[in-house]
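The structures come next, written out as structure tokens.
There are two complexes below, and they share subunit A, which is joined by subunit B in the first and by subunit C in the second.
Let's look at the complex of A and B:
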């Protein structure tokens, strides 16, 4: 069991700065997910923790020990790679036993440990097979098994599910989380899939351009995104982000296209006329809500009926780019009508500075 | 694994194969069959008369102690040339694979020796190691060794082995480097995290994954040592001193064109041909089994 601490961690490749100073402490037995679009530096961050890349600046400590100059093998970590990285010329058993043999464990103990890990992952019947005789999901399990047998203090996962088909990915996601609940090993998990991040994580680090945009629990990120980037990345379908302006007198927000939303609690006086990005989650828009105080009129473009819910793609009046998605967990009997009135509550409105993209706190203002 | 192509016109595939078949016919089938026929005849040195003798040339050859010596010498020569060329090629490839800056320069320089003609390579090495004017021979003599590849058979053999291996190192280097680069980096990284040292990673992960390449190169290098080292030997030692560097392929030439024993020379070349065909079939048979990386 271990705590991993990253302190102003930086990494440059030549003149390109992949990681620009990340601070995060991963608590003992925490499951931390690092999520972000491709090229945001999330994999580099993981490789820095593993010791596969050399730090350009900052410190990494594992269980209180500074590991900046410690070889990967001495960091007491195990890593699951995106392509599984199974040794193709060894059987499943030998793949899992490789690290133990190097550590010169007695043969009986190696057999016992591999057997136990294989039982947990339900791959006992595969131990004599070669990796090429396995399906994608089975290889994934073996790769996890190889990590488990070493009983490391930290697990590192580098997009382990991205080579699996959608159905298997959901299954394995559940298994990984169950496994963590059993083993309680500190884990760092890198993915570009926000659904994986939301479902697996105790806490999420969302990265963008080498910076940690926000660190928090999944619900933190969902309820109080610190920037427009986070707001647009977390959630499916993503949060509606519409350009707008705070009205004169700071009592309303005017969306691009002219819709004016009057707020029931005024914003600070100085904010009047300020350019903002207005965010509302699709699932917080309602057709009918007695507590709602804001009304938005939309032109309906497309209705997707998913069964459990209905996703409506609409546009703001006089505006081509101002697309607004509405997600309803009912199946309303609306046709592709011309207009649709949706409602929202003031509390569900997120405001971001139009230039910096940073969140403007409504509560503090109120 | 092989791609199957369907032709609409049934003559087109034959037409496409024709030029290659023609070349094979004129440059291999015809001379090879001539050698086969010749090996059953005893021919006088001037080629004026010949007489059918059946397998007499073969039986005489197989009983000849000089031939036995040549076989033994060929085995020694091949073993050392192949080992040296493979080891040096692998060594250079492993280090070239680690180089990041100036990769292309190193690679180009390492591939150069392959472009040198065998005879030129031979002359070059003789020039460096000639007992009277060789610059490197002087260095060896200063260490107290009475270096003289022109009189000492062991020295002569060492020189042709090193010269022949040197020429083949480039070829091996290219294949080993390609083999190394085909190994996914994550495998090496996984092994590093598993705790394997650089040395151990090489022997337990890299080397086994290179085995198809190694196997292919062993066959190629054996064939090279057997048949393509003629130029080097001819330029450096002419099979001497006292036949000390007369390997089988050189003996074919020496007996046929110098000794004018056409029948024996033909029989020897048929035996060599059978060997190379055997080696090639062996290679095709086992090279099918390739290692898959994922």
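Let's look at the complex of A and C:
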């Protein structure tokens, strides 16, 4: 029912263009996460959907209704802010009930709705308290409660977990997703944290400098990043990106520093000599792999043993800054000074144009 | 270290006690004078221990100075000034902080500049305005020489508007209620409130007035209380302006009233009665300060988070 459609949405502040034409349709009951580095225009995009900013161009449709000139209160949305934005002088109950009171709902219904939301969020015992008597996590729950009681068609979240400590953030993340599975309200969630994005999202929009770089499911973004920017943003540790060149004859890729990876399927002839960025995920580099067809030799700089896995910071030969990170889910016995020979598969290699950063399709080429 | 902090403590205490004595002694002396019979009050030096004529003197002062009516007038004026200043300044600050309109900064700076124009500086034009509130309108009409109507016979009928507020509560309060200081304080306070609060209210469906009434006003409670104390005392202590515009005894304020209790050279030097009057006039602002001082300190020390 509640589908949100953004059509060439643009927003300028003076001569500065913060959002440069974003097209995305958020399906009914979908949980869409907008992720990107600070200042890329995520919040602006969300505020445009909320109606807190005026569009400079394009259209926004909610449930089939064009809302370009509709007031926030009439868009049937609710928003959760990073700093909670609770009314400091009102009790938790009044904070949650305020919007309903303005809508002149009968007292009994207000009480029932607030009660139900409080039960879902487990804040029933806090209803008579004032915001300043609550912890950060409790305040965030109240802020979500205020959104839920309105029973809107769309939830908008602007970095709701950024002010919480790491542990609480993980807990609340799980709760938000569970809540979504229960309520199934169409949601747009803004964050700069790619882990949050990957765990919460049905689909992700990854933004960079006001543009939507890629839109897709978390696995899409992980497996087939459409640009070097996306590749470097998603995953932890993020994808290794090394400068390189396609070898003469287009049968191999030469990494900066001289390591040559011969590909078992040749690239288009015209690509010979082209500058590229070569990407491979840290977890796709292995010590032993019977199906591997590529080998890379690394100098070891640092070993982090996390218990469940081991992260090795390596460096390509003849390079000061050609860092390659390897993530192993085993605990090998290697010393800091060792050389390390890692294996990889051609299928796990990503190639991006060195200039545009756009993905070069290996499969199509083959 | 211990020694040093101890000397420091003793020094500060001595200084504080001295300060209290310097400020408190004249008040005590006035109180003593108010308790003495005429003979003792005029003896030099005056005794430092209170006598037993307090009630006599108070009664004399009350009757002769007509203090009942004047205290009432003073209270009306002080409350009017307090309420007016707070109402006007909080609304101005609301407009300046939360609305984007052409000339917003200009409006703010004009208000700010009036800080330099207290009543004493603008007393002549203000008096002229009090004589006739429409003076500027009339001047404008004259300058533009707008004929209101032209008679067929050729007479020009010109218009003059007239509204005199001398000797009225209106005149006592209205010219004093614009306050740049209070506007500035509220503006600073509103600027500390995160924008998201206004946005949350907008999404909740609250219009600007509703947001003002339901959110901003209650959040400003401590600031309002603190200002109310300062402004009440300010209003109560007004001297020059009421002196200028009240001629009717019925409209005189207490601060002016007590000057009439001061003995003139020809009378018996009844300083005991004058001091009793001064003490009476001192009481209302003291009550206000005592009642609101908890809020006052809170409003100055901590901003509500």
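One rule holds in what follows: the second predicted complex is superposed on the first by the 365 of 366 C-alpha atoms of A that agree within 3 Å, B and C clash if a C-alpha of one lies under 4 Å from a C-alpha of the other, contacts with A are read in each partner's own complex, and residues count from 1 in each chain.
Operating definition for what follows: contacts are C-beta pairs under 8 Å (C-beta built on N, C-alpha and C of every residue); 3 or more make two chains touch, one makes a residue touch a chain.
Everything numeric in this text was worked out from a predicted model, so none of it was measured.
When both complexes are superposed on subunit A, subunit B and subunit C end up clashing with one another.
Of the two partner chains, neither subunit B nor subunit C is touched by A:148. Contacts of A:85 after superposition on the shared chain: both subunit B and subunit C are touched.
Once chain A of one complex is fitted onto chain A of the other, the partner contacts of A:72 extend to both subunit B and subunit C. In the superposition on chain A, A:326 makes contact with neither subunit B nor subunit C.
Residue overlap on subunit A between the subunit B contacts of one complex and the subunit C contacts of the other covers 50, 52, 71-73, 77-79, 81-83, 85-89, 98-99, 102-103, 132, 146, 150.
Every residue of subunit A that touches subunit B in the complex is listed here, in rising order: 50-52, 71-73, 77-79, 81-89, 98-99, 102-103, 131-132, 146, 150. Taken in their complex, subunit B has these residues touching subunit A: 184, 186-187, 189-196, 200, 204-205, 208-209, 211, 291-294.
Residue ranges of subunit C in contact with subunit A, taken from their complex: 194, 196-197, 199-206, 210, 214-215, 218-219, 221, 304-305. Within the complex formed with subunit C, the subunit A residues making contact are 50, 52, 71-73, 77-79, 81-83, 85-89, 98-99, 102-103, 132, 146, 150.
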